[in-house]
Amino acid sequence: MQPRLIFRVQAEPFDLAQEVKALAAIGDDVGAVASFTGYCRSEGGRLAALELEHYPGMAEEEIGRVVQDAVTRWPLSGLTVIHRFGMMRPGDGIVLVVTASSHRTAAFEAAEFLMDYLKTRAPFWKKEHRADGSIGEWVEAKDFDDKAAERWQTLG
Amino acid sequence: MQPRLIFRVQAEPFDLAQEVKALAAIGDDVGAVASFTGYCRSEGGRLAALELEHYPGMAEEEIGRVVQDAVTRWPLSGLTVIHRFGMMRPGDGIVLVVTASSHRTAAFEAAEFLMDYLKTRAPFWKKEHRADGSIGEWVEAKDFDDKAAERWQTLG
Amino acid sequence: MTEIKLIYFAWVRERIGLAEERVDVPHSVATVAELASWLQGRGEEYAYAFENPAIVRAAIDRKHVKPDATIAGAREIAFFPPMTGG
Amino acid sequence: MTEIKLIYFAWVRERIGLAEERVDVPHSVATVAELASWLQGRGEEYAYAFENPAIVRAAIDRKHVKPDATIAGAREIAFFPPMTGG
């Protein structure tokens, strides 16, 4: 059976429960569903919002490539990736990854892989809006994220 | 701030969305929530149900020890572990782990650690009920699960 | 003799035919492994439950223990197969 | 000269002051790195955007490319900082 792949780039919020239910409902042999939600943080009250800019078209295509890579590496029944753009307030969900498999290791590893790759390859950029009303800096990419993504090149 | 720890052993179903919402609501600095749900599988139509027996009292205590271990190893804002007992039909959720942290690696690793340890240390046993109406075997422990749990003794 | 509460789970329980019992254990029985071996002598059901003692796990007062754990002072000792939860 | 659509994101876009433009690129400009360096000569804004060309990333026709990628045949070339999504 072909894995069920869903990936979207959208301004609207997502609903974790709905996405997990959709994957768990694929069949009676989904034994494991892992999920990851990345939220907008206030950074200790410093931020009022994060504004997410993206490259329309490429964002969807690049996520599609990462998704294809994941289903090649792990035996998945299905996976869902939703990445939002626009203005996010602290507590808002920015990115959602859900993976379904018959076994937990595949579900966990694929979810981690997807997140590591989304961080370093999906064309999104975050700009800070400070709590004092001023517009802050563009968030700087973390060396840690590149390293996290690199580990999948030797493992996998 | 002390991490918010919730762990329960119950017959009733659990609600992933509700548990994730509770952890995400801890504060504006929860940047990452990982979850894992383990479901009852039909094993290709062979099974009608899995019956989960547990050791009341010890199940809660042992999960409590694993939970304490997790918050000592990773910087978590909170975590939730719910393990069910009783009769599970294919598609029913058996176990739920949710971890919240400011960073994704801690959330992912803690969730994997919790699942690996629940598999090998929490006093639960699964008995098969076959689709043909007969009572089947007790599920055998997997060597894989012991190995998965062992890796945390050198890492972490 | 010391009275100890014994609890059995999963196929250990099914083979012995009891979920729990109170047993007078002789003072010469010092460890969990010795207790399992002493139980084996109590009858066919016990011999069957402990036929491969290496795969039966134990807990003393709700904590996992190894076969060489001493049973002195134990209130409740449980025997069960390797766990399959999660 | 070849007309290419250029797109800029995040602080590359802000520094240049344009989200996208169509540019006639001389045939002598063969790679992404050469294009970045040629753009630097187009004015202060461009010089500022590419002041540290090593940290500006590029995509040709919506695929990530390295600085030595050839731009021949490209319809759309994007320049942007390292990504910070997820």
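Should a chain be cited, it is by its letter among A, B, C and D, assigned in written order, with residues numbered from 1 in that chain.
Simple rule for what comes next: a contact is a pair of C-beta atoms (placed from the backbone, for glycine too) under 8 Å apart; a residue touches a chain by one contact, two chains touch by 3 or more.
Note that the structure is a prediction, hence the values are computed from the model and not measured.
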### Query
What chain is the most remote from chain A, judged by the mean position of CA atoms in each chain?
C
#### Entry: For chain B paired with chain D, centre-to-centre distance based on mean C-alpha positions, whole Å
48
### Message
Please tell me the distance, in whole Å, between the geometric centres of chain B and chain C computed from their C-alpha atoms.
### Response
27
### Summary
chain C residues touching 2+ other chains are 86
### Task
Spell out, as numbers or ranges, the residues of chain A touching 2 or more other chains.
38, 104, 115
### Message
Taking the top-of-page definition of touch, could you list the pairs of chains it picks out?
### Response
A-B, A-D, B-C
### Task
Spell out the residues on chain A that touch chain B in their complex, using ranges where they run on.
15-17, 20, 24-25, 28-39, 41-45, 90-91, 93, 102, 104-105, 107-108, 111-112, 115, 148
### Query
Given the complex with chain D, which residues does chain A contribute to the contact?
38, 52-55, 57-58, 61-62, 83, 94-95, 115, 118-127, 138-141, 145
### Task
Provide the residue numbers of chain C that touch chain B in the complex, in ascending order.
7, 9-11, 59, 62-64, 78, 80-86
